[in-house]
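Look for chain A in each of the two complexes below; its partner is chain B in the first and chain C in the second.
Let's look at the complex of A and B:
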């Protein structure tokens, strides 16, 4: 029974990595960060200091965006957030327990 | 008959019991006297600091215990499963989208024009016909200092000159009256503000001396100077000429937080001076000598007779590698040098207090005439630009001898070149015809993106410096004794979206 559980965990781990690889392979993707509900990064393809910076700032932004949407209409909720800047675009897919942050430079 | 009597005690020795005492030897030892010393210290500054680790469940990076696989964060796989398709779709459509093409946002007021906002002059220096030889911005970006001297004088000048400073942020700014005028006995050839202390200025004089002024003082502004000792840039007496100090700069010293003054002169010496403010002296701490025979790959110049010293006319420090510096010479050599070079210089000792070393490590392809100015790019560790009397600006990579790009700046001499601190592809060059040409390497054409006419009636422009804090100001020093402060347009100061990538591309091109 123990062996079976270990295989399941391995399988799950490999799937997560595969998914991230697929996303990373899209055109222009510069980095991916997965942040948990408390704003702490749990997976990243960027360096430490950038990751911590992005995680902290974006968590606050998503919370603000979500409360804006729900204040306007309490039945509504945030599904996706895109921040476009001169140099790149940050895409955030929020969820109950995690956020997925992808930084893309579309012209790359 | 009966009397008391006491009898002696009688002892009987034991026959079978022997003395338990065996042979005994005593030895003693003692350590040598222990040296003790007492010393007291007192910290001047105190700081308290505390740290605390996070509770175990808040740690970001947890290493899995050996031999056991920790389960993934619960629900991560399902979360990714849910969002993957949506995210991939958005990424793909974003990459193809033209929705934002040409879309620009104005967060700040756009400045379309380039204009000269100040024309600073010191009338008494102008009357004497002095030229502006060097300018420097203070580290705060509010004060501009300019040095007066002469560039075109061939012989030893005993002219008195001065260093003037203006504070551009002061309300009562009078362009014709400097805030401070420091009188100097000799023409000043080079000036450099201290990179973190806004009151210190280092200057190199025509006579080879190096002086550090402290503008905070009320009397006698000289904080330290080299004086006419054998250490200064001075050739042996029988040659009857003195070395001109063409460049001064502040470089980090051996101790943390300390800056030393670097000076380079026409005698081929690059010297490092420590500031001893108590004695008011600059003490020589290290020195380098550039000797022609020790310059690598020097086949082209061995035909020259004359002095074996390589006279330094320009110097550039690399902001990326504190050990590297570039030197441009009177004969057109451009050399990559190192502060940590250990080879001894083949120069006859001239009474200097330190042994001179030979710093040159690599020689770039030589120019046709003296190299007046060099500058390392603040955006790419391998790129630098050099200009000289041949009227061309050469863009070099530190990795190869031939230039990557050669631009015609002017038909006459080019005296100064500086990279823009905000736009990786932009640099400005000062010409002998009184113009400042600004080149944008991102453009297809090799013609300048902007030309600033200094209105000097054709007299040369000798130096130019970008303001380190305010990215839209450029100061230009002219031969007619005036310093013009230009306000650049947004196009020349705002970084475009792909500039760093284009610069990287340029740097990686191999010259044909």
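Let's look at the complex of A and C:
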């Protein structure tokens, strides 16, 4: 299902901020990181060292995943990536210029 | 010449002296001077060998050769050609006894001249004397030689001095210049299939843009104004946050999926196993609950599923309470995100009804409490509706209770109908930027028009009945039903604007909802605040079925998958589900779905594909519930036979039921 994006110039920024706040307030969410295309984190709710680590490692993973998907079919593209581990789940949603990482512990 | 001679004399003299010397030795034994004459007498030396006579007479042959006895006879030389040592065949036999280097100089040689020069002129005089004896020629020679001494150097090949000259060599100077090195940058990239594809796409897009520009050049003036506007509205986006909007949405959904994972699993997979033991009854499993903070005081006044995006539904919020009229809200939720709405439109007046266009999922028609109707375009950025009716453009004077989209008219304009308490059924057409209205029918009091027992057939002017609900027939385009506040249902046609085709005395109180059956073309259902739900065949004036639900019924809806299943909600917070093919008299499920008993359920809608229903209440909550298998039963065929699918089955099912009812009626009649 394609997403109909509702843009409103007046409160676009506020809307996004609000969305991020809601995500942060969800049950079990440990942190949110926004990383730009070069792998540099531009916004985060975690501490600096963790952020840098996550950003660097996940950037490579996303590039690889995206490359894989697109190699198989260039008209296809990666929508999101979930990495579920024993302790938590890392959700990554890539965009053309940015990607968003959310770490959640769903059983909390 | 003389010196030579003297020298040889000297030599001879020395030889003779030697010889004499020897004789003098021997002479000791002989007398002096006598040695010549006397013969030799042999004297044996003391160490002489003693030999016998025979040995003495023995002849020893001695050969005289010219060979040098001292010359070696076996000189060997290494021959490089044969790579071995080879004896030299002939050895030099020359024995040199005496060597004496001469010291005579030719008088004309250089050395002689130098010596003469050292000795001075007297030598030259002697020479001159000799020369005189020699002759005049010699004199000439000496004179010449004298002259020759005062030199000039004679150039000959032995007395050559080299003379060289060199041209001026220009001094070499080195000149260099260096240009600035071309700017370099390191470039690295991977060439994947998709990167190549991307580049091709970009080129394609550019080409298309160029084509468009070429076309758009004559239309420049029109567009310029618009372009300017759009530029003003789109300031360059700030670096970070705004671009993340889309991904933030995706992430929010993912997080919600995790948080409500069990609900999502239930929604997809849970089938109540206990239904097998329950015979006919079924249950409703509560799934997500949708609520919006700012809508807490409003009640849900309308629900509508989106036909294209089956997880999206619209909620209209407002208030049924006459005294508490204020603002309203149009809110869209997706099942994928139950915590926050997808779209929010605040409105000045409470919403009472809404409808989403079947084919254009972004067009929403809304009816307000203040009588206006509006059309929202979800694709637009603004919060305002794209069309809104005003007092000039024929808005209703009373609350609009129901709106419904119709098929596009002949000019391909979208249009929808609305019914209101002011007794008008109006058709609105979206023509370019305007909303054009057409009165379709005016609902007049039934008693005034149709078969009035008084016989006075004058239509009572000014008194119009209030339409509270309507529904259009699924197949027959012009046919529609209108429910009124008096409890009557009118069957109308779009063609006839003053007369009804039929009127049914349905209820004692206002008809809250009237709905055609999805499958059977003759059947419709109606519900009212008089606690009843009635099912009708539109050809028969009395209801087929009547159900009493013990509480005011807010809404009723047919299920999209079966012609005999429908659900109704009441103000006591219960959902009643009926399946006529299973139980004709009772509900197969009566379940309270809200926690607090005081909440009234206002609306209900079935999802077109998924086995869930959404129920709205007067606190602004929307609850989604999953229908258990018993509620979704399809008719069981005998084993071995295929289950026929499709609407025909449903129609047949309903028909069967109806025929059962009709027969006794016919028989009675």
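The rule we apply is simple: the second predicted complex is superposed on the first by the 91 of 108 C-alpha atoms of A that agree within 3 Å, B and C clash if a C-alpha of one lies under 4 Å from a C-alpha of the other, contacts with A are read in each partner's own complex, and residues count from 1 in each chain.
Going forward, a contact is a pair of C-beta atoms (placed from the backbone, for glycine too) under 8 Å apart; a residue touches a chain by one contact, two chains touch by 3 or more.
The structure presented is a predicted model; accordingly, all values stated were derived computationally and were not measured.
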item	value
First (chain B), second (chain C), both or neither touched by A:100	both
Contacts of A:47 with chain B and chain C, given as first, second, both or neither	neither
Partner chain in contact with A:17 - chain B first, chain C second, else both or neither	second
First, second, both or neither for A:70, with chain B first and chain C second	second
Partner chain in contact with A:89 - chain B first, chain C second, else both or neither	both
Those residues of chain A which chain B touches in one complex and chain C touches in the other	6, 9, 12-13, 15-16, 19-20, 22-23, 26-29, 34, 36, 42, 80, 82, 89, 91, 93, 95, 97-98, 100, 102, 104, 106
Chain A-facing residues of chain B, complex	58, 60, 69-73, 75-77, 79-84, 86-88, 90-92, 94-95, 97, 100, 497-498
Residue ranges of chain C touching chain A (in the complex, touch as defined)	190, 192-194, 196-198, 233-235, 238-252, 254-256, 258-259, 261, 309, 311, 339-340, 342-343, 362, 378-379, 381-383
In the complex with chain C, residue positions of chain A that touch it	1, 3-9, 12-13, 15-17, 19-20, 22-23, 26-29, 32, 34, 36, 42-43, 67, 70-71, 74-75, 79-80, 82, 89, 91, 93-95, 97-100, 102, 104, 106
In the complex, chain A residues that touch chain B	6, 9-10, 12-13, 15-16, 19-20, 22-23, 26-29, 34, 36, 38, 40-42, 80, 82, 84, 86-87, 89, 91, 93, 95, 97-98, 100, 102, 104, 106-107
